[in-house]
Amino acid sequence: MGKRRDGRKLDEMRKIKVTKEYIIYPEGSVLIEIGNTKVICNVTVEDKVPKFLIGKGKGWITAEYNMLPRSTHTRMLRDISKLKKNGRSLEIQRLIGRCLRGAVDLELLGEKTLIVDCDVVQADGGTRTASITGGYIAIKLACNKLLEEGKLEKNPIKNGVVAVSVGIVDEKPMLDLCYEEDSRADVDMNICMTDKGRFLELQGGGEKGDFSKNELIKLMELGEKGCKTLFNVIEEMK
Amino acid sequence: MGKRRDGRKLDEMRKIKVTKEYIIYPEGSVLIEIGNTKVICNVTVEDKVPKFLIGKGKGWITAEYNMLPRSTHTRMLRDISKLKKNGRSLEIQRLIGRCLRGAVDLELLGEKTLIVDCDVVQADGGTRTASITGGYIAIKLACNKLLEEGKLEKNPIKNGVVAVSVGIVDEKPMLDLCYEEDSRADVDMNICMTDKGRFLELQGGGEKGDFSKNELIKLMELGEKGCKTLFNVIEEMK
Amino acid sequence: MGKRRDGRKLDEMRKIKVTKEYIIYPEGSVLIEIGNTKVICNVTVEDKVPKFLIGKGKGWITAEYNMLPRSTHTRMLRDISKLKKNGRSLEIQRLIGRCLRGAVDLELLGEKTLIVDCDVVQADGGTRTASITGGYIAIKLACNKLLEEGKLEKNPIKNGVVAVSVGIVDEKPMLDLCYEEDSRADVDMNICMTDKGRFLELQGGGEKGDFSKNELIKLMELGEKGCKTLFNVIEEMK
Amino acid sequence: MGKRRDGRKLDEMRKIKVTKEYIIYPEGSVLIEIGNTKVICNVTVEDKVPKFLIGKGKGWITAEYNMLPRSTHTRMLRDISKLKKNGRSLEIQRLIGRCLRGAVDLELLGEKTLIVDCDVVQADGGTRTASITGGYIAIKLACNKLLEEGKLEKNPIKNGVVAVSVGIVDEKPMLDLCYEEDSRADVDMNICMTDKGRFLELQGGGEKGDFSKNELIKLMELGEKGCKTLFNVIEEMK
Amino acid sequence: MGKRRDGRKLDEMRKIKVTKEYIIYPEGSVLIEIGNTKVICNVTVEDKVPKFLIGKGKGWITAEYNMLPRSTHTRMLRDISKLKKNGRSLEIQRLIGRCLRGAVDLELLGEKTLIVDCDVVQADGGTRTASITGGYIAIKLACNKLLEEGKLEKNPIKNGVVAVSVGIVDEKPMLDLCYEEDSRADVDMNICMTDKGRFLELQGGGEKGDFSKNELIKLMELGEKGCKTLFNVIEEMK
Amino acid sequence: MGKRRDGRKLDEMRKIKVTKEYIIYPEGSVLIEIGNTKVICNVTVEDKVPKFLIGKGKGWITAEYNMLPRSTHTRMLRDISKLKKNGRSLEIQRLIGRCLRGAVDLELLGEKTLIVDCDVVQADGGTRTASITGGYIAIKLACNKLLEEGKLEKNPIKNGVVAVSVGIVDEKPMLDLCYEEDSRADVDMNICMTDKGRFLELQGGGEKGDFSKNELIKLMELGEKGCKTLFNVIEEMK
C-alpha cells in the first residue's frame, strides 16, 4: 500500500484530539481536531420540541453547521451578509442531524431538544464527519449532565455514532481525506456508523468519476476501519 | 417475493410516463410521471457561467427543485413566505445538480450554463429521483436543439443518467417507494446510475434503522434493476 | 370587424379548457387553459382566519400567484433567489383575492380561510384573469366538497365570478389579448364580472396611450361578452 | 345632493395645499395636503436607467410609496421589521409609477431615471391619488431645474397628470373619500387623468359591492370634476 | 472666540423650533428643527412589553430611527431595498433608546411600551441628538395624555433628557455641528444630559484624530452649555 | 480600595493571554483571552476597497463581530435564523472598525482592505474591548506579513490601539468588568486609547444611573491604567 503526501498510509486516520468541556456554558462541549481540522461542538438542551412533535412524548436532535469566515484559505462571506444560509452548510447540517438522531432513543430523551452547534474554526477536509463524531461526544456529555442533575432517569444513548470520509484519489481508495486530497478526488463518500458495526448513513459519489459496486465495497471497508479507530479513541478518553 | 399495497412486486417500478416538450418556451421540457408523482423539468440554456468558471472554457449545470404548495397532502408555505429556501429542497437540488453534471462533458458544453428547473406538481414519493431522470431527458432535448441550431458542434452528453429510490420497509428491501412506503421505511436510499451500469451517487440511510453491508448490496441491486427499467423507457421513447 | 394574427375576431375569446381535479390533494383543483396560457389553481381550506378576523364569525379568501421560471420566453429568477416577492405577482394576487372574495358570502363560509394558489405553468397573456376564473371554479369544487363532508351547511357561493382582459391594439378594441397583442397594446384592462352581469373590479389603463370615456365603454362591452362566454363554458361543464 | 359628515358636498374636494421645495436637497420636492392627508413627494434625478432600457435612448420614472409608522391610527410595523415590502404599498407604487410615466415623454427625458419618493406623513384617505398629484408637481419642478441647468434641452412633460378617488358610500357616489368614508364604501375607484381630459388609469372595484356600467360612468364624471379642480389649483400656483 | 461659517459663535446652538402635536394620531408627536435638521418624533403607547419583561411590572422604551431617502444630498436606498436595516441607523436608535429610558421611571410606567419613531425629514448634522431631544418632548406629551386619560396614576418622567453634539473642528472645540462641520471634524461626540446636570451617555471619538483628557473636559463643558439651552427652550414652551 | 468577588482589586485587569497565529490561514490571527472571555481575531487582506474609496489611494479597515450561539449562558439564535444581523453586534463592530482605523495610516496601507473578524467563543464581559485589542495585534501580524512579502513598503501602523471597559458598580468605579459586574453596573464605559496615551473613542453611560464630570474623569483614569497594562503585555510578547 502506497503512502500519501503527509506520510499516512491509505487506510490511516489523521491525528485525533478531543478536548472535553471546551466551552464552560453549554450542557455538552467538545473541541474535536482531526489533523488540521478543528470543530467546536456545543450541545444545548431545551425543554421543548418542534411543533410536529408536541405532545408525542418524544425528543428531537437538530444540528447547525457553520464555518468561521477564515476557517478556509480564502475568506467566505458570513451567511448573514448574503441573507442566505449557505447551501452546502444546510446540506451538511441536515446530514449531521440525521446521523446524531441515530445515536439517541428519542422516547427516552422525552420532550427535550438537543441543539448541536458545530462551528468549524479551521477546515482541512472532513469537517462534516468530524462534526458528527464531535457532536456525538458532546451529546454524551450533555446526557451525563442531565442524568446527574436528575433531569433524565435513564441514559437515552442507544448507539455510539461516528463518521469518516473516504474517497478514490489517483485511482486509490483512501481513508480520511484532507482538503488537498478531497479536491482531487474522483469519488468521495461520507460514512456514518454505529458502535455495533452497522451503517447509519452513506452519502457521496463522484462529480469527476463514477464507481462500481466493488469500489463501493472497498470504500465501506475503509470506512469501517476509520470508524473503529474513532471508537477506540472515544473508549480511551473515559 | 411478497406483494405491496398497490399490487406491485418488491422489485417493480411504478408506471412511468414521459411527456416531451411539455412547455413550449424552454430549450428542453419534460413532464415526468412515476406513479402519482409528477414533476415538470425545464432546461434553460444561458450563454454564461458562474464566476468561478469564467474563462475556463467549461460549462456548468445547476438545478432548482421546488414543490407547488399543494403538491402534498397539506399545504406547504412557499419559500418566499418564510424568506428561506426550504432546507430539504436545497439538499435535493444540490443532489440533482451533482448527478446531472455526471451526464455531460462540461468542456464540450463550453461556456454555457444549463439550469434545470424541477417543479413538483404532485408528490407521491421519489420526487428527487424523478427530477434527476426527467432532468436528464430534458437536457438531452436541449442539447439536441443546440446541435440543430449550430450552437453546439458535438453532443456533450457523455452518460445516460437516471435515478431511483430503494428502501427497507417492513424488513423487506424494495424498489421505487411511494410516499406511504417511504414514510414507514427503516432505511431509504437514492441511487443514481449511468447507462454504463456504474454508480454516480448514493445518498441515504436510516433515521429509524441502520443497515449492514449485505443489506446495502441488496439495495444497490434493486437500484440497478430500477435504473435499467428507466433506461429502457428512455430508449423506447426515441 | 377585422381579424387578428391568430385568426380570431376582435371580440372572440381563445379556446378555453378546464380540467377539474387536476391535482389529487387539494380541496379544489383546476387546470385552466386559455389558448396557450395554462394555470393550475388549487384551493386549500384552513380552519382558521387571519388575525384581524378572529372571533368575527367570518371567513377569508386569499390568493397567491406565481409563475414557474420558464412559463415565459426567458427564464425569470424565482422570488426566493431575490428574497423578494415579485412586485407584479404581488399586485396580481391582491387583485385575484379581492375578486374571489366577491364570489363568496364570507359569513356563510364561517371561520375558514380559502387559500387559492395560482401557479402559472405557461404564460401567453391573460394569466391574471385566467387565475380569477380558474380560482372561482376551484373554490366551487372546494365548497361542494365541504358541503358533502358536512363541514358547511349552506353553499357560501353568492356570485359566479370570472374575468377577462380587453385592450386597444392598433387602435382597435379587442377581447382576450395574447402576449404578443398585450405587449403592443396602447391600453389594456382587466375586467372582473359576476354572473349577474355586474362589475366587481376594473383595473388598467395605458402606459403608451390614454383613453376616453367612450373607449372605456366599448372595452367594458367587450369584457361583458367575454365574461358571458366564460360563464357558458362553466355552465356546460356541469 | 346631500351633505357629508365634514359638511362637503358629494362632488366636492377637500382643501388642497401644496408646499413647493419642501425639502432642500431633492431636484423636486412637494408637500401635498388634501384635507388631513399629507404626503411628501421628492424627485431624485439619476443619470442612469434600469437594465432593460440601457442604450435605448429613453428614460424611466419609478415611484416608491411608504407610510410613516404613525401616519395612521394604529402604528404599522416598518417594512424592514418584517423584511417584506408591504403588499399594499407595492401595489400603490406600481400604480403611481405607471401614471407618472404617462406625464412624461421618456425619449425627451433621455437616459435618466426620475425616482419619485412618496412618503405619507399623515393618512386620511386618498394617499395614493395625492401621491400621483404631488408626484406630478414635483416632477415638473425637477424638469424645470434640469432645463435651467442645461441638463435637458426641451421640457419632457407631455401631459399634466392628477388623480382622485371616488366611491359609492351609503349608495351615493361621491368624490375624494376621506378614511372614514373609504372604510364604509361599497365601491371605490382611483381615477387618473391628463389635463387633456383623457383617462390614464382606472383602478378599483368593490369588496363589499358590485356596480353597473351606469354607476361607473357616474363615478368617472365625479373623477373628471375632481381632476379639473386639481388642475385649477396647479394652474393658480404658478 | 472665533466665528463659524454660518456666523455662530463656537459655543452657540443653531435655531431651535419645536412643533407639538405635529401628527394627529400618535400619543405624542413633535416636529423638532435644529437649524436645517428636521426630525418627526412620534410616540406610540402599547399595552405590552418585550418578552424579557413580561410579568416584571415594568415598562420599556424603544426607538426607531430612519432617514427619508432624500433627507440627504444624495438619495439613500430604503432599508427594505437592501433587506437590511442600515447599520448607522441601528447604532443610533440603540443610543436613542438607552438615553430615553434614562428619562422615565419604568416601574411607574408599568407594563407598557413606548415606541419612539424618529423619522428624519431633512438632515444637516445632529440628527441623533435632535431625535433624543424631540423624543423626550414627545414622551412627555404622551405621558400627559396617559395621565389625563387615567391610564397612568403618577407621572413616570424622572429626568428631563436632551442631547447635543460637540466636536473639534480646525482644532477648535465647538457646539452643535452642522453637516459641513461634522464632515471635517477631527473629533465628534454626542452628549446626553439630564435636567439635573448629570450625564447619561457619552459617545464619540475621532476617526481622524485622537484627544486628551483636557480636550474631553472642554467638550463636556460645551455639551453642558448646549443642553442648558435646550432645557430653556423646553421650559419656555410650556 | 475594596476587593471584588474574584479577588481582584478595583483597578486590576483579569489575566490576559494572547495566542498568536491561532488559525493557519488568515494573514493575521490571534486568540485573545481576558479572564474567561475568549475571542478569535482573524485579519484578512483584500486587494480592493469599498466603492466610496476607489481611486483615492487609501485603504480601509472594517470589522465583523459575532458570538457563537453558546458563547453565553443561554443559547442565542444565529443571525441567519432571524435574517437580521444582531443590533448589538452591529453597534459593536462599528465601534471596533472605528477604533482600529485609528491604528493605521490608511494612505500608507494603500488600496487594500483589512477585514477583522472577531468571533467570540466564550463571553464573560468585555468582548468588544478584547476584540479591539486582539484585532490590533492581528493587524500588526498581518502588516508584518505584508512587509515580509514585499506587498507593503512601509509599516502603516501609526498607533498602538487597545481598549478596556470600566464602570461604576455598587458605587465603586472599577476596571475590566466581568459579566456579573457588568450586569449590575450603574454606569459602564468602553475606553479606547493609543500607545501615546491619547483617547480614540469613549462610549458608554448608564441605563441604571447617571454620572458627573468627576466620576467620568475617575473612570478615564482607570481606563488609562488598564490600557497601559495591555500595552505592557503586548510589549512583552515580542
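Brief remarks follow.
Per-chain residue numbering starts at 1, and chain names A, B, C, D, E and F are given in the order in which the chains are listed.
In this section, a contact is a pair of C-beta atoms (placed from the backbone, for glycine too) under 8 Å apart; a residue touches a chain by one contact, two chains touch by 3 or more.
All of these numbers come straight from a predicted model, not from anything done at the bench.
Two copies of one chain, chain A and chain F, form a contact in which over half of the residue numbers belong to both partners.
Rounded to whole angstrom units, the spacing between the C-alpha centres of chain E and chain F is 27.
Per-chain CA centroids place chain B at a distance of 51 Å from chain D.
Averaged Cα coordinates give chain B a centre that lies 33 Å from the centre of chain C.
For chain C, the set of residues touching two or more other chains reads 83-85. A ring topology is adopted by the chain contact network, closed into one cycle in which each chain touches exactly two others. Traversing the ring of chains that begins at chain E and proceeds first to chain F, the chains occur in the order E, F, A, B, C, D. Chain C makes touch with chain B in their complex at residues 23-26, 29, 36, 40, 42, 44, 46, 64, 66, 68-73, 75, 78-80, 83-85, 115, 117, 119, 121-122. Looking at the complex, you find that chain C touches chain D at residues 83-85, 87-88, 90-91, 94, 98-99, 101-102, 159, 189, 192, 194, 196, 198-207, 210-213, 216-217, 220.
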